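Per-chain residue numbering starts at 1, and chain names A, B and C are given in the order in which the chains are listed.
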């Protein structure tokens, strides 16, 4: 009796917290992105007096937004594919070959996650200077994004390779399948969800990555996060920052939800550890 | 050593009544078993006795004290879990000590009690191990020891043997019974295994659909089941419907059934239509008034199971040895003392 | 076969693990090298302790170390402390539990910079928070809350972003404790607090430790929250490192970078040790 009541009170309390937690921040961001500059939103109004898509159109036409979008959405798929291709041989070894030191190798694959992002970014730039290739900013960022996302792609693909069943391979061999047919019938079905999940997670990582894009890319290369950062810093115009925030967050949330579902179907144990 | 009194205990979950108006008493030192198929309410009943569930109505008395509202941590009961529920991060000793520490038993007494229980259960050499380093049987004993060391007024068992293999099960069963007698514990034991219940209990409560079907000693339950459900659940039984013709002798009546004329016992006047039951091993093969054809024979080692067709009814006969095979015709007889009148309505 | 394997395995590992080791390795080597005057961007450079001695003499460096350590430790403990009760509450499924869990974990999907903007927007001078405080009569006029000197904004942001992560890990850990084990403890006389202290806490120690360490490292190396919402009179280590680098002082930046890595490792070790020590104390009285 009283327990149910406590539960109800807690629930209501939590709904209030949720409002403060999500609804208010995002609601304010959406409202600010829609403020029409003809009538400023002053403190005496609860809601903006005039709403329009002026800011969105303005940002689209007169800022680096288009360039940033092109850069970000070119980087991300390239980084995803590169990372996957780099990951597959290692994942195969980790997933299907029993060799001494395998656990250590698995652990070593996590290294990029331990080194703080800005340390990596700055001394990666220093490395580029040492090698004399610091002018190739786009390929450099692409390379860094692909390698820094390897912990994710290797982990996912390793699990996928582990799930390929030896008896399927043996059965295919027994039935006289060629190696290509064997790959298609035994490997591909087990790997497919992992491949999608890996592509997607590296894509998201790349879109969101800030440190390397900011340090290596500035000033010529602009991605959405670096554009947002400058919109929050030296050129702080609140409605513009609101527009950029929404452009960064909305597609990514949707992609993440897809990813979550994909990971759950690929391997339930992976789903919990993904976003970081 | 304390007694238990359960009075009109009922629990509902929404529209579903899991335990329906159950009453019984357990004498101090008695070993009773709640027996029934899964979903009959026996585990729910046990969880109410241990305090994890609050009854919708009715009461539970431990030693004449109403404990219906007392939470499990304050109840003088100790539960042995089906899963053992050992604390995986604590050693065997720490597991055994856990309840004593909660009760703030002084250190010296704690040590003594743990040592006694450990030696009773042959766990002396395992005390520093973690649960996952033990075999299933040892884990079972730790779980038992953890309950015993509390010297509870009532010890409750929730299918404690179901995770053991068959051989070990027999050994632990004997051990549980020995310890219960030695410690003079009042015990309530839940199981769906009729063999376990028959071997262990002073008294068995057969449960079905949230109600107690019959409460009796194992022998009475086996030889004088009150309903078709009990007869079927405990051992194997032949059940048949018949029409009473009249009395045959003192306490013996005769009924016309699909396999022929059958005598049965009843202390009072039976209704016209009756449900009768007898055990396969109580049939005498060879001669008698009844007749049938063997349609299946399966040799089981120390006995042989026959399925015999009389008229259009198949029934089972169990004999220690027989020359009969499929297709053979045989006569047989059942003593009226062995044929029980069930209370089921026809 | 085995000889072939000795040959094949390194070949397979090269593009993946090999590149990781090459990149992270060279980053670390260059950072350490530059902090000792080597690998100068402008060519040459010679081993010297000067970058260290010079940087260590600066007050701004020590302020940054203290500040970043504080942000790291406070954020880690605050996030875990908030996540624990929520994880316990969400352990048993009830109506709406999934929804609440999803809402609480939503910040995991929000980019840090976006989070910073959302926060700055809410607490701005004429923002909704100021309005609210005035409306309920707590404050007489609007207050300037952005870049507050106490770094409250940074802590709020760190907790907003990291509590869901701790919650994610702890929910999993708490859910993996079986009901029977908790019931057994209860049956043996353990009340709510005793069950938490003697069963839940020890069984989730390793997960809690992982959450603490990961959040600590992330918050220690924070850049964006500090730059956007943090106090103006102090710099975090990452900020200081970028600041030196932008001035062209790569060697000083390297000193800060190495400091960051050392503090990350040392802090992780200290946290682990601390939790282990407490953990060992739990079963006994």
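FYI, a contact is a pair of C-beta atoms (placed from the backbone, for glycine too) under 8 Å apart; a residue touches a chain by one contact, two chains touch by 3 or more.
A quick note: this is a predicted structure, and the numbers were derived from the prediction, not measured.
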> Quick one: which chain's Cα centre is the longest way from subunit C's?
Replying inline: B
> Counting C-beta pairs in contact, which chain pair ranks first?
Replying inline: A-C
> Whole-Å distance, subunit A centre to subunit B centre, using C-alpha means?
Replying inline: 59
> Roughly how many whole angstrom separate the Cα centroids of subunit A and subunit C?
Replying inline: 18
> If you average the Cα atoms of subunit B and of subunit C to get two centres, how far apart are those centres in Å?
Replying inline: 57
> Listing for subunit B: what residues touch at least two other chains?
Replying inline: none
>> Considering only the defined contacts, which subunit C positions touch subunit B in the complex?
In response: 178, 180-181, 183-191, 194, 198-199, 202-203, 283, 285
>> List the residues on subunit C that touch subunit A in their complex, please.
In response: 5, 8-9, 11-21, 23-24, 26-28, 30-31, 34, 39, 41, 89, 94, 96, 100, 103-104, 106-114, 116-122, 124, 126-128, 131, 142, 160, 165, 168-169, 172, 214, 217, 220-221, 223-224, 227-228, 238, 241-242, 245, 250, 253-254, 257, 260-261, 264
> So in the complex, which bits of subunit A are touching subunit C?
Replying inline: 7, 10-11, 14, 18, 21-22, 24-26, 28-29, 32, 42-43, 85-93, 97, 99, 105, 108-109, 111-112, 114-120, 122-127, 129-130, 144, 147-148, 150-151, 154, 208, 210-211, 215, 225, 228-229, 232-233, 238, 241-242, 245, 248-249, 252-253, 256-257, 272, 275-276
> If you look only at subunit B, which of its residues touch subunit C in the complex?
Replying inline: 50-52, 71-75, 77-79, 81-90, 94, 98-99, 101-103, 146, 150
